[in-house]
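Chains: A, B, C, D, E and F, in written order; residue numbering restarts at 1 for each.
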Amino acid sequence: MKLSIQVNEGPYQHQASDSAFQFTKAAIEAGHDIFRVFFYHDGVNNGTRYTTPPQDDRHVVNNWSELSAAHDLDLVICVAAAQRRGLVDEGEAERNGKDGNNIAPGFRISGLGQLIEAGIQSDRLVVFGD
Amino acid sequence: MSEVKKFLYVNRRAPYGTIYAWESLEVILIGAAFDQDVTLAFVDDGVFQLVKDHDTAGIGMKNFTPTYGALGDYDINKIYVEKESLEARGLTIDDLQHLIWEDEDEDWAEKDSIKVVTSSELAKLMGQQDVVLSF
Amino acid sequence: MTMLHTVNKSPFEKDSLTSCLRLSEDGSTILLIEDAIYAALEGTTISDSIKEALKTKKVFALQEDINARGVKNKVIDGIEQVDYAGFVKLVTEHDTVQSWV
Amino acid sequence: MTMLHTVNKSPFEKDSLTSCLRLSEDGSTILLIEDAIYAALEGTTISDSIKEALKTKKVFALQEDINARGVKNKVIDGIEQVDYAGFVKLVTEHDTVQSWV
Amino acid sequence: MSEVKKFLYVNRRAPYGTIYAWESLEVILIGAAFDQDVTLAFVDDGVFQLVKDHDTAGIGMKNFTPTYGALGDYDINKIYVEKESLEARGLTIDDLQHLIWEDEDEDWAEKDSIKVVTSSELAKLMGQQDVVLSF
Amino acid sequence: MKLSIQVNEGPYQHQASDSAFQFTKAAIEAGHDIFRVFFYHDGVNNGTRYTTPPQDDRHVVNNWSELSAAHDLDLVICVAAAQRRGLVDEGEAERNGKDGNNIAPGFRISGLGQLIEAGIQSDRLVVFGD
């Protein structure tokens, strides 16, 4: 079955991203296709490569990056939400006059239409948030 | 896209205290371009989003609520407000913005977009959706 | 059409479980995850409303979240525990998922 | 010692106002800001508990947040509206501030 | 620093669902080095923080709650749990970790750190603080 | 009077940072000293210079930076919370092997002791959060 996942909260403050990650992993293990993981609201903050969590704790961002690399996951960060919160890739940095970018491997920035498309194309959409 | 799905947007949060109401509206407007079957539900504190006459100058935030008035132009006219949520908050439909749409099939007659429904009516309606986005 | 409702907030802190119970149809399924697993406990001010819901709805709770919070011996009879694989299965067995975030 | 309690969440959504009312002493002051100003409205399921609190505590609500939410004509008599300058004054006039975040 | 202030840490949230409980503990431990008069209050869902036998392997998060057991070593031994919050959640003190401290003045006798108090006792105690940090 | 302010939530998602900003401004206008503004939990995200909010909306980060410049405000970001969430200055970038930094003007990263010190040194501490 084709599934999409929406994540509305950033790393560490809320369990949402952890729950979404565990769910996504379990869905892949069960043989389902993940059409897309869409990061909205503070969820965009899951896509920064600048995090350095304590050594004895999980690395929320790397978890996503590595799962994406292993299973070719489409991790999409909403551009409008990202602009408000300071998550930028190279293109966004250039467009908005920023001197660098902080996006983590495996993530890409795109529009809200990608969320609607995920709703249309997927058999199920599951939302994780506050 | 040939398939038309029933999309439900559930709005349960008050405006300004958190951004969910506003960013929900942004999804709804983008989603309107996809020609799906769109329904909006306002329950719990979400009913406060539709209250008239916001004046946000003092909190330094943008008043995004006039945009609800444009929903009709995007063919979004199935807007359900839960009666029990309104009553618990001392509100009536007269406290809310008057949202309208123009019916092409009836010579562009102006019609109300908001319907006040009971919990059980809304539960049934929610049960018929294909995709539920919650804010 | 069958609906799976997920709730993730403590019923003592937030109104999402109450709203889910009010606005879900008889015959639908509710899955408690994260802090919402506290709604699955015996002997709380919430227990009665969950037991009432069990008469017309199926209620599940996520095992991993229950174990994390140290309350596995307090779960109400009639609430079935599922793991993440079971969560995925519930999602695929129902037509639509509504998250009461 | 005098205490100023601030509450910022809607009483319909979260338990913070209830806890503040239960755990604040008679004679203390409560200031409603952000979404908590909805607790100041007449005719809601919360109104009675606020009116009860007014018998032993002072209750203020932040004008800017009330105006933003379009409810200035619905505020309960006896709840005094203050602006941000008044918020600052309340903070300095009380010995300690407890935020019920 | 000569002045000693009464610091109260109010813990009102469940663990894991949000990080407040853990980051509150981090403040408490850092704060212990400042030789202030420290009190901890656990109310509402905060009482769930002290529940025994957490096993977080399945959610992939760190179980930080053993650290509560070290509070006594940091001379943090005034830990108040609200009776009404416990009861509403079907809990008794036996469900909570047994937190102790050693009293230097009584030949290092082991004493209980947690006291269960009523709402009105806790309200009075809160009213005597200089600085209240809420989590 | 000497006041300190604690901000527990990031920009835009919650009103906390806006409320704290309006309060701080009003306190300065009333002639009070602001000893420190301490950003904790997701509040650390108020200190990123990578935000680009919509043109017709307020700029939460710049509001703080400009208030700091005008009144010499001490805006302190908690280092432990910042590491979890990806907010870094030059020193943190070097220590943690990051290829850039995203801290905004007027903010500095320091330890939790700065919050306790604010509690001790200030006549009042006011917390804004979720």
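Everything that follows uses one rule, which is that contacts are C-beta pairs under 8 Å (C-beta built on N, C-alpha and C of every residue); 3 or more make two chains touch, one makes a residue touch a chain.
Note that the structure is predicted; figures quoted are calculated from it, not measured.
Any chain touching chain E that also touches chain F appears here: A, D.
The minimal number of chain-to-chain contact steps leading from chain B to chain C is 1.
Ranking all chains by how far their C-alpha centres lie from the centre of chain A, first place goes to D. Using mean Cα coordinates as chain centres, the one most removed from chain F is C.
Here the two chains linked by the largest count of contacting C-beta pairs are A-F. Mostly identical positions are employed by chain A and chain F in their mutual contact, as over half of the interface residue numbers are shared between these two copies. Chain centres here are Cα means. That of chain B falls 35 Å from that of chain F. With centres taken as mean Cα positions, chain D sits 29 Å from chain B.
Residue positions 16-19, 44, 59, 61, 131-132, 134 of chain B each touch two or more of the other chains.
The set of chain D residues touching two or more other chains comprises 8-9, 12-13, 15, 34-35, 64, 83-84, 96-97, 99, 101. Each of residues 12-13, 15, 19, 22, 41, 54, 80, 84, 125, 127, 129 in chain F touches at least two other chains. Those chain pairs judged to touch are A-B, A-C, A-E, A-F, B-C, B-D, B-F, C-D, C-E, D-E, D-F, E-F. Within the complex formed with chain C, the chain A residues making contact are 1, 3, 8, 15-16, 19, 22-23, 25-27, 29-30, 32, 123-130.
On chain A, the positions that touch chain E within their shared complex are 12-15, 18-19, 21-22, 54, 56-58, 63.
Per the touch definition, chain E reaches chain A in the complex via residues 16-19, 59-62. The touching residues of chain E, when paired with chain C in their complex, are 13-18, 44-45, 48, 51-59, 61, 63, 88-90. The residues of chain C lying in touch with chain E in their complex are 8-10, 12-13, 34-35, 38, 41-45, 47, 63-65, 67-71, 74, 83-84.
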